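Several structures are given next for inspection.
Two complexes are shown next, each including subunit A; its partner changes from subunit B in the first to subunit C in the second.
Take a look at the complex of A and B:
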């Protein structure tokens, strides 16, 4: 396909996104008003309409919509490549993910059979009323959860990643010259330290950062005042790329909520409110087994965490509707996983009665609720919270628990972590390897949760600022290396794996931004 | 001229070895020829393939020459990069299409093609090209089928063809068909204006009772 054809396809794709939305209607109306100007010559009509529109508010909205689409859009596939090639180009990784999908399905099925509960059923009238009454305090309405267990934990998933071998590479064979020193043996391309320095150059030590230079000990006139002023200007502009650029140096806490919304292109209008209400009614109508898994997960993680236990009910109000949201299914088009399938009871094998389970296709694992928890500090309206979370999940978080060769996938992040640690701290890496404490086994739980629940909540948000700003999860691996470097002296003194784990058990006191700066830019 | 994707016959790839032929030593170079049986020569517009761990591709072509001149292999594609980095598998199984623009000369009167695939990295056990297809135009020109006679017939005036009796209670056929066309256009417009936003229903016939997940 020539580049012109590709552009044509792109324009059509984008148009299909905008078609029928209130934005299109508004743009159309505006264009009509402009074209009614009697002084306008017909030869200049098109040009004038485009120019005038792009200066108006709706023009910016259109730009934001296009930008949002471009950020999420996968590369244009080759016409010969099938849909599965778009999901994951490497055959053996595709197979590994499909085996993993099957394993999850099996484990869910056996849970159903053991406990004698169906995956989904309609609630009785009485139960429906109960749910409506308790919507604000769903935590108190939790069923008996003692028999439930999370479908899988990060550890199980790590084992699968460790077992990944390319059948066409010599690296998988033991004692091969090309096998890697870490536990991940997939030869994917990852960025080198120099490339990372260029990528994250706005974070370099000579540049002021929110998260470092807004410390109360530093007089605000040096940095903080100007930063807040600039933040206001950026917000008034309502332009996504601008907000994203601003986030590269972190968001001042007061304006983070708006900045993130602008960067992610989340603008909750009446239709979105209505859609959330609809999802809520679906929660009321149907009782899903996944709800119990979410309950169990929240009780095990967020409720147990002194930073997040107050938000327990908020998290339910996000995750229950999330599991019913079929728009989430869209992300499977460019992710290696496939949503589990099932049939309505009594209609096994009849294609018209095939459904996805859960409706959004995402089975929560141990720690899933922690993707939501830090957001509760920014947004007090559960509806806004919901849409921001959904956008974050569909852009970034799904990559953290799927096997894929994408440069942002958890496999690449693990590999980046291991190779960075080897090149930055060779002595430390060798020491840990010798005492059987493979560093990734310690760091994996941080990576899969994007550090949520391990760091102080404010620090998590400062970290996620950078994820949004650079549109990349790579910063997670950089931070993990930085933490190892920071605790190097203690780690070099321990002689067992459990002691090494002990040294890194509590990282709540760490400040992420200076650590990342130190690890990336100090020589 | 008819453009149709046809497969040439791909001969068995030869991996170049260095030194003792009995010893396994990959030079990182693999050669295979493609012949086009049952045709004297072909014209190739483009070819596509799926790469499997090859790093660069060079293609040579042999063209039909004047009688008396020995046909020679000439390079028509020089070291096209298939993988961004030979040691890393990112992009190792991608699809490619090589079009006229990328070739050094037009592939006309071609009697055979020779593919030279290189993989300098020792990390991989095997490298090859898969699903190789050519879009070619053979020298024979196919006649375009003439339009059917009934399409060429001039639009008839009302009252012609007395053998086709008018059906009672119906307006004239031509009026009817023009109305139908209008309606069809309206339907097309209506479907084109529909949004792609789904309603988000996940239940079938108001039921979402599920017992177990399916394994397929």
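Take a look at the complex of A and C:
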């Protein structure tokens, strides 16, 4: 396929996304108005329409839509490659993920049988009313959860990643020079420290940052005032790439909500409101087994967290509708995983009666609720909260619990963490390895939750600012390395794995931005 | 530790609370009985009455400090606080102070920081007049002398108050004691909700002197959440879990969580408000709360017996409404030092530690002749809220420079952050 053809495909694909939306209608209307100008020459018609439109608000909206599409677009595989390459090019990884998928489904099914609960059942009229009445306080309406357990915990998942092997790679002697010190043994392409420095160069120490230079002890005239002014300008511009660029140095807390919405292209309109109401009505009508899993997870995590317990009910209002949202299925097009299937009763194995279960294809694991929790600090309206979370999940978070060779998948992040730590802090790595405290075994829980629940909530938001800004999760691995470096002196003194874990048990006092800066840019 | 090489003080303590005793022990202080010679006495409110009673004739020495002012109840008894603040308003109005400024509806702009309140039975008739203006309002009845949510109830019909009206008529000549007196305040029915839940704010304020006023605000205050979703429905008036945030009440609710105890730090509140409402309104709210505290202290500074041996740590209870307007609900003279959770214990331990650093001069022995100006390092988690002495001297400097006459105590000078940076929180 020539590059021109590829462009053609791209344009058609983007057009199919815009087709039929209010935006298209509006653009069409505007174009008609412009073309009605009697002074316009027909030879200049096309040029004028394009130029005028691009200057208008809807032109910016169109640009934002295209930008959003490009941001999420997966790398185009080789034209000769099969369609499965779009999901995952490496066969052995594909197999591993498919085995993992099967394992989860099996575990879910056995829980069903064990507890004698169906995957889904229609609620009685009375129960439906109850759900509606208690919508704002679902936490108090939780069923008995004592028999439920999370389908899997990060630890179980880590074991699977550790077991990954590339059958084509020659590993050599176990003691050989080239073998990796870490526990992830998959050869994937990851960035070197020099590449990371280039990638994150706006975070270098000589540049002012929100999260460092907005400290209340520093006079606001030096940085904060100008930063807030600039933020307002960026917001007024309504242009996604601009707000994304701005986020590279962090968002002042007062404007973060809008900056994130703009960067993610989330703009909740009436249709979105209706769609959320629709999802809500699905929750009211049917009781799903995953609801109990969500309940269990929230009760185990957010409810007991002194930063997030306040938001317990908001998290249900996001995660219950989320599990019913079939638009979430879209992300499976470019993810290595496949949504689990279930069959209508009595039709097991008959493809026509297959349905995705849960409808969004995502089975929550222990800690899933923590992807939502920090967002509650910036979005007070559950509907907006919902759409921002959904966008973040479909762009980033799904990569944290799927096996894939994507540069931002959890596998690559783990490998990046291990190789960075190995090259930056060889002495520390060797020490920890010797005392059987593999660093990744400590850092994995941070990575899989994108640090949510481990850091102070403000720090989580500052970190996620950078995830959005660089459109990449790699910063998580960089931060994990930075934390190890920061606690190096203490870590070098411990002699057991549990003591090492103890040193890193509480990281709530850490400030992420200076740590990342030090780790990346100090020499 | 910073206290090393410092004199070992003798302390007396009425309360067997670990956050106190651990602090004293850590400093190597020696425990003595309250009857012996102590340098530092953490007394209960009851003992204070004895220490300062006329019959006792006890005279405190220069190297003794004690944790209450003799008539702290001027601030901490609900009826007296209301009385004092109302008088303070009138005084300021008479002086023509800029603080007494009113809006077009006749409400104070700066001094309207507690809900419309009356004393019962004394103000019964005034209350009825006010009630009839808005008959559908809910009011909250609180006994004057009790704390921790005891004896509080809500009413929305006059008939529920019959008892107080009759009593008031028979007892006009005997002044009712604090036990039978109630304050009735307009119930804030549009509280700020977070995650659908109501909360109030507990702030810790340390006063080391009332004349000149020297006060400090602890950064580590917290929000106390109701475990049940807020519901303004009048049929729910009897469900106190909805309305009262006192931990001592919430603890008995079925939903009480022992890990966090329903407590949320002020830092979290600030992050949430900045994130959802913006920085300007959040800053304004926190400023207003600081001003409110200063005003409430100014309101009693003239009636308070300003004994130089005394300091006091007050627990300020503040409610915030939906429009981010703060209301002062009450002030406690002996905020609970019982810890409900582990982070609570750490916070309270640090509170006492910082408090001691501020109250005791750098040399390590209490000295009433000390100017009570601690260094910034000694303040720890406390921020200077207001130091009248420093503010006045700043003002004099300013006057000397600009030759511009200013009326009043010049509190408004705080608007210029550079000038007043030492004298207030700004």
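Heads up, the rule we're going with is that the second predicted complex is superposed on the first by the 513 of 523 C-alpha atoms of A that agree within 3 Å, B and C clash if a C-alpha of one lies under 4 Å from a C-alpha of the other, contacts with A are read in each partner's own complex, and residues count from 1 in each chain.
Quick note on the criterion: a residue touches a chain if its C-beta (ideal position, glycine included) is under 8 Å from a C-beta of that chain, and two chains touch if they have at least 3 such contacts.
Bear in mind that the values here come from a model prediction, so they are computed numbers and not experimental data.
Contact with subunit C, but none with subunit B, is seen for A:136 once the two complexes are overlaid on the shared chain. When both complexes are overlaid on chain A, the residue A:253 reaches subunit C alone and has no touch with subunit B. Touch criterion met: A:357 reaches subunit B, while subunit C stays clear of it.
In the superposed pair of complexes, A:304 makes contact with subunit C only, with no contact to subunit B.
Of the two partner chains placed around the shared chain by superposition, subunit B is the only one that A:89 touches, whereas subunit C remains out of contact.
Contacts of A:380 after superposition: subunit C is touched, whereas subunit B is not reached.
Ranked by how many residues of subunit A each touches, subunit B and subunit C are led by B. Judged by the touch definition given at the top, the superposed model places A:235 against neither subunit B nor subunit C. Of all the residues in subunit B, the ones that touch subunit A in their complex are 48, 50, 52-53, 84-85, 87-97, 99, 122-126, 131, 133, 193-198, 200-205, 207-216. Against subunit C, the residues of subunit A that register as touching in their complex are 136-137, 139-140, 228, 252-257, 303-307, 309-314, 376-380, 457-458, 461.
For subunit A in complex with subunit B, the residues that touch the partner chain are 1-2, 16-17, 19-21, 78-81, 85, 89-91, 102, 105-106, 108-109, 112-113, 118-122, 166-171, 178, 186-189, 275, 278-279, 282, 286, 324-327, 340-345, 348, 352-357, 359, 405, 407.
For subunit C in complex with subunit A, the touching residues are 194-197, 225, 228-229, 255, 257, 259-260, 262-265, 267-268, 271-272, 274-276, 278-280, 282, 341, 343.
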